[in-house]
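Naming follows writing order (A, B and C), and every chain is counted from residue 1.
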Amino acid sequence: MRFKFPLMAIALEVAMIVLFGLFVQYETDQNIRQPPSSSNSTEVNRFFELYPLFQDVHVMIFVGFGFLMTFLKKYGFSSVGINLLIAALGLQWGTLVQGILHSHGKKIHIGIKNMINADFSTATVLISFGAVLGKISPLQMLIMTIIEIAVFAGNEYLVAEIFMATDIGASMTIHAFGAYFGLAVAGVLYRPGLRRGHDNEESVYHSDLFAMIGTLFLWIFWPSFNSAIAEAGDKQYRAVVNTYFSLAACVLTAYAFSSLVEHRGKLDMVHIQNATLAGGVAVGTCADMAIHPYISMIIGSIAGMVSVLGFKFLTPVFATKLRIHDTCGVHNLHGLPGVVGGLAGIVAVALGASDMSTPAMQAAALGSSIGTAIVGGLIAGLILKLPIWGQPSDQNCYDDSVFWEVPRWREHDHHFHEHNGHNHLEPEL
Amino acid sequence: MRFKFPLMAIALEVAMIVLFGLFVQYETDQNIRQPPSSSNSTEVNRFFELYPLFQDVHVMIFVGFGFLMTFLKKYGFSSVGINLLIAALGLQWGTLVQGILHSHGKKIHIGIKNMINADFSTATVLISFGAVLGKISPLQMLIMTIIEIAVFAGNEYLVAEIFMATDIGASMTIHAFGAYFGLAVAGVLYRPGLRRGHDNEESVYHSDLFAMIGTLFLWIFWPSFNSAIAEAGDKQYRAVVNTYFSLAACVLTAYAFSSLVEHRGKLDMVHIQNATLAGGVAVGTCADMAIHPYISMIIGSIAGMVSVLGFKFLTPVFATKLRIHDTCGVHNLHGLPGVVGGLAGIVAVALGASDMSTPAMQAAALGSSIGTAIVGGLIAGLILKLPIWGQPSDQNCYDDSVFWEVPRWREHDHHFHEHNGHNHLEPEL
Amino acid sequence: MRFKFPLMAIALEVAMIVLFGLFVQYETDQNIRQPPSSSNSTEVNRFFELYPLFQDVHVMIFVGFGFLMTFLKKYGFSSVGINLLIAALGLQWGTLVQGILHSHGKKIHIGIKNMINADFSTATVLISFGAVLGKISPLQMLIMTIIEIAVFAGNEYLVAEIFMATDIGASMTIHAFGAYFGLAVAGVLYRPGLRRGHDNEESVYHSDLFAMIGTLFLWIFWPSFNSAIAEAGDKQYRAVVNTYFSLAACVLTAYAFSSLVEHRGKLDMVHIQNATLAGGVAVGTCADMAIHPYISMIIGSIAGMVSVLGFKFLTPVFATKLRIHDTCGVHNLHGLPGVVGGLAGIVAVALGASDMSTPAMQAAALGSSIGTAIVGGLIAGLILKLPIWGQPSDQNCYDDSVFWEVPRWREHDHHFHEHNGHNHLEPEL
């Protein structure tokens, strides 16, 4: 049993190497570097022009998402560690499936946009990871990564090439998709035994500070996320500016509503860690449109408010009534703000902020993203439920010591006071 | 009472949106992207050329300043959280007031330099925040942000457009200004009850490590801070090189003097976290001048030494004799090194390192920055002292649990062993 | 005795300033900024083109290496603090010695590649620091920095200008060199008294999370490290792409083998923190060659596997049989993967992936790097063993409180439960 995870990881890496050998090539020479005298700055020759934006996105994926999930007191190793594992697998797999879909039978030539898109495709899985955090095993996450990125690439192809909708910051295709996919998986894998919560499902003071490392790097680099693959010039510029101001506005309403809904007007770290980012999600679809900065601030303000209200009122209902337990509250950070972003896109297109799309095309993209995510997530959940993968027992949830050698001082530590014999994994990893 | 903070935050955000709707526009199309065939690289068309430097500054503001202040054992949520809140408000407000002053009645067109300057204007508030850290409420910080950025923009306009002095790295207009503004506020809000210190006003081992995250990102990206708005070419290049070497030299003297002044030659984390950055502050005014790398190293060496000596000998005198309590020691990191930077600028201009200014113009700028800061800070302090805002009681200082829902494990935790009933806020938040 | 460290630090800084005054100049005006109409993009005029890559490397040096070493429970201040100190000294000294060797008697003109190379030269010392972490004093580290960078620059000159070998990502000249230099020093300074380990030589939960900050920033920016000084165009592009995919593949095998070799299939944080980076080391020499992405994935996969096996089986043998105690396991992260990289380079050149070198030249470079490192390290070790420098006693190893004022709450803290009287330093710092 203990060999399943390592053998699966090795098998997947061997498969990636073989597929890369068959399908992937370097970008050809003359495209890499733009001759300064030529004025046709096509996509392929902007490699080092976009490299700083790629690195910003790269930081978001590995540090941002990784540390954002370290808020649980005993699940930091897995949060940041499994995040690294599935992102490393996902970027290889994403390069392949997105490349194959968009290359129309030719070889995949690795340009900077392929690398940015590969990072994007992992974002979808990392969002879904938040919904099931602490409740599934690394082996299950490897499987989910393979399934989800394939479904994501299919929906992304549908949205971009069939519906020809615009979604530059991926409010719909990444954020809403990742959230609803993860919620569907969480619904299938629902654990009635954890209905009343779990002792481990809480933060400690310093784990909340570690999570803020993730929050801040996501917040800072979100303008790069929304503009990285935008068309050079006006559109890319607007994607930066709109995201910058949307996020700033979002912070104010997130703080205000956190204080409004909490006991005695205090602030809640969960809201600050998450809802302050909702402005980046919600402005995504319209980010490159000429919507005016104050409109992006309105979108951000609404997103911050909606996200806090979701954490306060919707997440408990999901857990109890809908039997969907969402560990990180991805519905509030990515789901609802993603839908807000999709709706804002429909309105913006209807009002003429972009002539690249129509309201119907945008609505189809939103519907497709949510629909594909739910169907794909349900199927993925059923596959993940197969007993061959194994999953942690209820009492072992949110506990690094199930998958990790935790430091041997643990018996002296407050946060790890359980006896060693308590960890049961059914069936073993 | 508990509604004051959220309602003020919402009101301010609504005001920002209205003002943006009235005064702010996108940069016009043709300016954003430089046609590769044209050779006139004017300021407006360098958006993505300067974007990496903007992002470096952005990291300094949100991660650098935020984590630098997490050194207090029970005030990490507020340090990093209120830092985010006031920076998000400040960058909107800074965009407006700086834009209005410099646009001469026209609409404000958002270019990359507006965004960099908006981030800069928040730096002033974040420096002042360090002087009052732990002693005032989030609501008071919102008020202080609005006042300070308005005064800052006024002084910056005076220095740049009236005195026509040069201060590329803002030793005077940001660092000295922010420090003396904060000290003036701290003086007005002096708490005799904390004359003998406070149990919470100390670090724990891991809070000192969190603070080093802030220190390092500030240290690394300081060359970008000092060069971001410099004139392209030689000047911008020199701003990077001078800052890089000034900071490196500063580290050596900061370590040396920390060991010299401490008991048995040991190093003090407070010095390492702060004085290692003084070289970036002090070289600011001269950063883009042709002063020679070894001169910037001398400036950095002096700054590291002065900063450590300030922490060791001046801060206690301020607290006891002058009745000014400076939580983070911003006088030693930003005040003294800022003055050193202003003086170095006068000397450098006198010696002909720049023909853009005269010693008298530089001296006027230094005097104006300190004078405006003190007067503005005194007024701000009197306004913040009004009972309508409320502020933490003496015993509640430096304690996150006054403003935040701290994790419920707190009764089991060493760092939070007080009884719940102890928290009093007069009047309530 | 207590004045040796500060006086040495001041003396070294004074020496640096004098040497900079004698040998260093700004880059001359016309080279800094590339006129957009000219097409000859020579090295000197790419300052701000390469600046983002420089900053990525800068983050790796100060945040990456600094936090990677914070895994020890009581040695975080020294890890991140001494890392800053020796990197700040090293970048000044590296600028000088590399500059003098390559400038052929002329003045050193500071361009972006000088700054990148200065950061690189500090990397060598920081790698060696990992081998002796916790066992030597800050004063000893200053001495080691001066010696090692001089030897490094000599070997680098030999490899690049005499053997004319290619090693763009410095698998041999930085990683293998730094590791074997450090191991030689560790061998000379071997402490029989610590044969059975030390209570302080272990991590705690949050120190392992701090270390992951270092790991992730190293992992993310490694493509910049391997490409920063590559020739613009195809080669620089390939250095990014090959490193990106090598690292991704390396993660999968590092996780798989960590699980395979550990008790009950659990993952070990030491492997995840270190072996996931081995792919960046091992692909270094070939990074800019036309080796095909799937080959770089194979190199990365092998490196991840070799690194984990080294931690599991080789490090204990080194400590017991060879009497070389390697605190951070730099042999497994930098030594073995560096040799793998050097061998891969020989094979790649033999198969025609580069026409800039021959297998014999590459083999000479590998031999020279390891040989020079061992000889230099042995000499450095003997110098460091001189009683005049002082070094911590066996019982004081891995303990910040020997060199730092640790917070006074320490008697209440679990991680610092020793009595105060226990710290002995022989002779005193």
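Keep this in mind: contacts are C-beta pairs under 8 Å (C-beta built on N, C-alpha and C of every residue); 3 or more make two chains touch, one makes a residue touch a chain.
Source: prediction; values computed, not measured.
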Cα superposition angle of subunit A on its copy subunit C, in degrees to the nearest 5: 120
Homomeric contact subunit B-subunit C: same or different residue positions, threshold half: different
CA centroid of subunit B to CA centroid of subunit C, Å: 33
Multi-partner residues of subunit C (each touching 2 or more other chains): 36-37, 52, 206, 213, 414
Parts of subunit B lying in touch with subunit A, wherever the complex brings them together: 1-3, 5-7, 9-10, 12-13, 16-18, 20-21, 24-27, 29, 32-33, 35-37, 47-48, 51-52, 55, 58-59, 62-63, 66-67, 70, 76-77, 80-81, 84-85, 88-89, 91-92, 110, 115, 138, 206, 210, 213, 403-410, 412-416, 428-429
Interface residues, subunit A side, partner subunit B - complex: 34, 36-39, 41, 49, 52-53, 56, 73, 202-206, 208-209, 212-213, 216-217, 219-221, 224, 232-234, 236-238, 240-241, 244-245, 247-249, 251-253, 255-257, 259-260, 262-269, 272, 276, 290, 292-294, 297-298, 301, 414
